[in-house]
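Structures are listed in the sections that come next.
Both complexes shown next keep chain A, but they swap its partner, so chain B is in the first and chain C is in the second.
Moving on to the complex of A and B:
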């Protein structure tokens, strides 16, 4: 293949695609990006065999169609370091050459037919979701996934698609985030009766592909895999194996006390109090009463902190201990001028934070 | 999950240059067998062998000196001991009784210094620095300890006194039975030089062979080589050997209470390559580790597996948990995950298997779990019950089901 390309456009596309490149050595060819230039369109492909992406590149003029293997790491470095904006890319199964004014890079290549194929999106059963809605839902949930392999079934986000509702749920067993939105079903696509969990890495890659507002995303969930179609990309991923826990069962059934908290000031107070936590004691005591929230922290060696903020609550005094990181991570993804409601039963049961009608966040206290 | 890889080696400043005689190694002679002979005078002078029942592990846990004459030693399969010493008095062992006496001895040691690091029921290191004004110098303290153990328990301890742990243990080992040996800082080289290289900590049968192949038979021969030669032939473990041959050992005596880590390990009498047996040993070690953590009211954020292969290369592999724990089941899950991942292929056979808890925290509040709360509470309750029974009746009074049954429990 042979093409004129716009440096920044190709760099952005390669960066997006390279997120699917395996970090460990699975198979040497997977350290590359495969390019297919055909009928005026250029598609980049990358995969770690669990996750794959095909991504259309804009701003590329194809002179000679064809397929090629591009060494990802070196190509990215060239695209980052080059000064000029117009580059010439020429590649076949033996070499990959990038030329610009006064520079030329030649890298060894590989046979493109050795690169594993990544599915295209040819589905008639799928859900459609507005890109901006999905992006926000992902941001509000993905941070709560488990990253330890002992909780393998929680290392991704649970998708529930049914009728015109989409729900994303993520948990690591200590806190749980649930975001809800509207979607449109085509061909009776539904996840009813299944618990498909999309790996965290795939969710992050999807989010990075949702930067342009105004696009509509298609998603099709199959028993062991998922396909997403954005404006420029198709993302394929295998699903997380294992049983996602029954998240509905852990939402409190009883009515407790209710406190309204402004996101910005609450986040500031938690961050301030958390200064005095340390590795040995990751806890802040939240004390509600007398129209005041008092946050107390005491590290083993750090010292202690006391931070107060006014709240509207005058009932029986309630104390609850949280790992402040679990609150800060949630508060960070909400708009600072939004409001949160907190439902609390006592210091030993999960506390429920809600923002609007579409976002719930449960946190287990330290007891 | 965070995984770290660290090669085990000794670091820290050499001890000998500024060495003082402050480390004691106290080791009971044929502990279990001696207790039986003390309690039952008719057994005195007879070869007494305390051995695990054949259905369980079937190994000798103690042999009296009369039995050792026949070649019987601890960790030997019971069947083999019976062949070597058919007229021996084989006893099943009374662990709770031995444990009680072990605690009695521990109490005696703690009266001399708080820095007591127990290695097992019948063996401990002591650091007596700062205690000399109260009880006299290390030699005087060693004499008092030996004497008090004899008068209060009727049992004999061997005592090694030296500037560091390696030398102190060597001293008590070499002077057994009824030993008392002092290695003064200025005598270290002379003490070590004639010893066979197998006396160096970490040198097993294979290591010995490799060293012999290089013409090295005594510690003295090894000690005069430049460090680089050993590093070249044996890598980091060579460096470690070289330091030991100089009489250098910078490990400190660490009582559990101040420990930044708690660990327990077992060295096999023969290199072991059967994974199922190793797994069972691991469960036993994790079980002990859990009890010690709970006893010290600490929880571990990181679980570490220590593996020494037949070429005496030691490796540690660790796993950091999402939340610190003192629940045996959770420690086991982490340990067995490390085991499955790392104990295979070229690392086998193993000569040593150990498990440690690091990144310890004292915070008493526990992060709740949305889904596992009940299960974890049940396991914690089980742990507390087992600990309580053992505190009263001794360690072997109760065992984890899977220790008794199949290895994959």
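Moving on to the complex of A and C:
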């Protein structure tokens, strides 16, 4: 392929694409970006065989269509260092040459057919979601996924898209986060009857691509893969195998006590109490009663902590133990001036935290 | 087409094709056989046959479709070949996790998934145990292939979860043919390599390195000298191993090949001593060997062969190479002394 390109446009596109380049040790060819120039468009793609990115370069004139492998790291360096704005790019299966005024770079290249293609997004069945909504939903769930678990089906986030609702669910077996939002279905796109789980890594990559507010994201879930169309790129990921647990069954059916907690002060109290926990006993006792919440922690060697905060609750005294990091991780992603409601039954049943009507977080107590 | 690259395992190919045509492929196989016999090549072709996207009825890779091209390049998203890093002594759990992470993703190209676990001999208990659950019930559409030299090197819990496929040695004629295809033109050399290979073309190719035959000449010269210059030769030997490369894996590989050459020399000497014809040694070399036999007799020769095999085992067990060589040469010096009779 041969193209005349605008330096900044190509640099921005390469930077975006390079987010999908694996950092670990892989086949050398995957450390590169594949470019396809055809019919006046130039598409870049990068993949780590689990997820991938595909995007079009703006401000590029194709002189000769074709496919090529572009050495990502060096090309990015050239694009950053070059002074002028117009560059010539020429690449085939053996070399990649960048020319500008008074400079020429030649790099070895590879056979483009050895690089797996990333699917395109030309679906008529998909859901549309506001970028800002989706970003918040991802932030509120992704931390609760299991890492390095033997339960592989929990190493990602469950997507449920049906009608105008989107639900994201993440769990590691000890806590569960559920975020809900509104979306717009096109062409009867639905995940009913399936449990598509998108790997954590893809969720994080997607979140990083949702930084600009005001954009709308299109999501298409297929049996084995998911495609996200953002304003600039298509993000692709394979789904996780296995059955996601039936999350609806774990929510307590009984009505218990209800306590309202302000996020900021509650987070501060948990963090203070957690100072005295150590690796052996990651446990804080939460005791509700007498219009007061008392947090108690005692480490093996660390010492003892007691933190109190006022709450509106004057019923029967209830004690419940939590791993404080499970609470801190959740409180961190909520606005500090928001309010949480806590539904408690007793010290042995899961406790349900809710923020507004769109976010639920269920934590198993320690016994 | 693509199966033709696999030599000497026609019966296995036919049986796999038959099983596949009935849709009865197992989900986990343990391939066992000496190294260099063609297990990995077989597993790769099996993967190709499974993941091929070409239009044909055969259970075979077409070598033209995008699936086959990606597999050849090692970038097929549904294919994984995991080998132990050369500097590690064990196949560790971190590698196993990488395999599991990949196998628990849905297929990207829709034709199933294949993971080949090379160096399965070196799986440590932790990694093997982490594998058991998946090995027993892999995700749908996946095929796991473990490559090792023997079922004895595996935990019984691993063996019982796999279908064991044994690879039989190739005939010398077939090894000879493979060597000819690989561009070894001298028929005498080919015949010697085939005799040394024990039916493993990979070993024959590894032994075809001219540097090894240079070393073998030095070795014969050393055996002919009386008294044997053991200390000096072990130093020379070690230098030769270091020339193979910085990585210990390369040095150990070369050490094993050298020991194989030494064993073959001693075996030929043994053959001479019982009036049989040597298999590898030339007429000129035979004279030297006959002289050695005359000097020490048959029994010490048997002991020396055993001692050399012991050194080979030590190489595999990651003992320090210098120590192995020094001890071996010491034993040889003593064993080859006429007084020792």
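As a working rule, the second predicted complex is superposed on the first by the 277 of 367 C-alpha atoms of A that agree within 3 Å, B and C clash if a C-alpha of one lies under 4 Å from a C-alpha of the other, contacts with A are read in each partner's own complex, and residues count from 1 in each chain.
By our rule, contacts are C-beta pairs under 8 Å (C-beta built on N, C-alpha and C of every residue); 3 or more make two chains touch, one makes a residue touch a chain.
This one's a predicted model, so the numbers in the text were calculated from it and none came from an experiment.
> Put the two structures on top of each other at chain A: do chain B and chain C fit, or clash?
Superposition result for chain B and chain C: clash.
> First (chain B), second (chain C), both or neither: which does A:238 touch?
The second partner, chain C, only.
> If we overlay the two complexes on their shared chain A, which of chain B and chain C does A:55 touch? Say first, second, both or neither.
neither
> Answer with first, second, both or neither: which of chain B and chain C does A:144 touch in the superposed model?
After superposing on A, A:144 lies clear of both chain B and chain C.
> Give one of first, second, both or neither to describe whether A:284 is in contact with chain B, with chain C, with both, or with none.
In the superposition, A:284 contacts neither chain B nor chain C.
> Let me test your reading of the model: by the given contact rule, A:224 touches which partner, first (chain B), second (chain C), both or neither?
In the superposition, A:224 contacts chain C only.
> Is A:70 in contact with chain B, with chain C, with both, or with neither (first, second, both, neither)?
In the superposed model, A:70 contacts neither chain B nor chain C.
> If you stack the two complexes on chain A, which partner ends up touching A:115: first (chain B), second (chain C), both, or neither?
second
> Among the options 111-119, 273-281 or 291-299, identify the stretch of chain B whose C-alpha atoms clash with chain C after superposing on A.
273-281
> Which residues would you name on chain A as touching chain B in one complex and chain C in the other?
Touching chain B and chain C on chain A: residues 148, 150.
> Where on chain A does chain B make contact in their complex?
Contact set of chain A toward chain B: 146-151, 171-176, 245-246, 250, 279-283, 300, 321, 323, 348, 350, 362, 364-367.
> Enumerate the contact residues on chain B facing chain A in the complex.
1, 301, 321-323, 333-334, 337, 359, 361-363, 365-373
> Under the definition above, what is the set of chain C residues touching chain A in their complex?
Per the stated touch rule, the residues are 66, 69-70, 72-77, 97, 100-108, 110, 130, 133, 139-140.
> In the complex, go through chain A and note every residue touching chain C.
My answer: residues 27, 29-30, 47, 49-50, 111, 113-117, 148, 150, 152-153, 155, 199, 223-225, 238-242.
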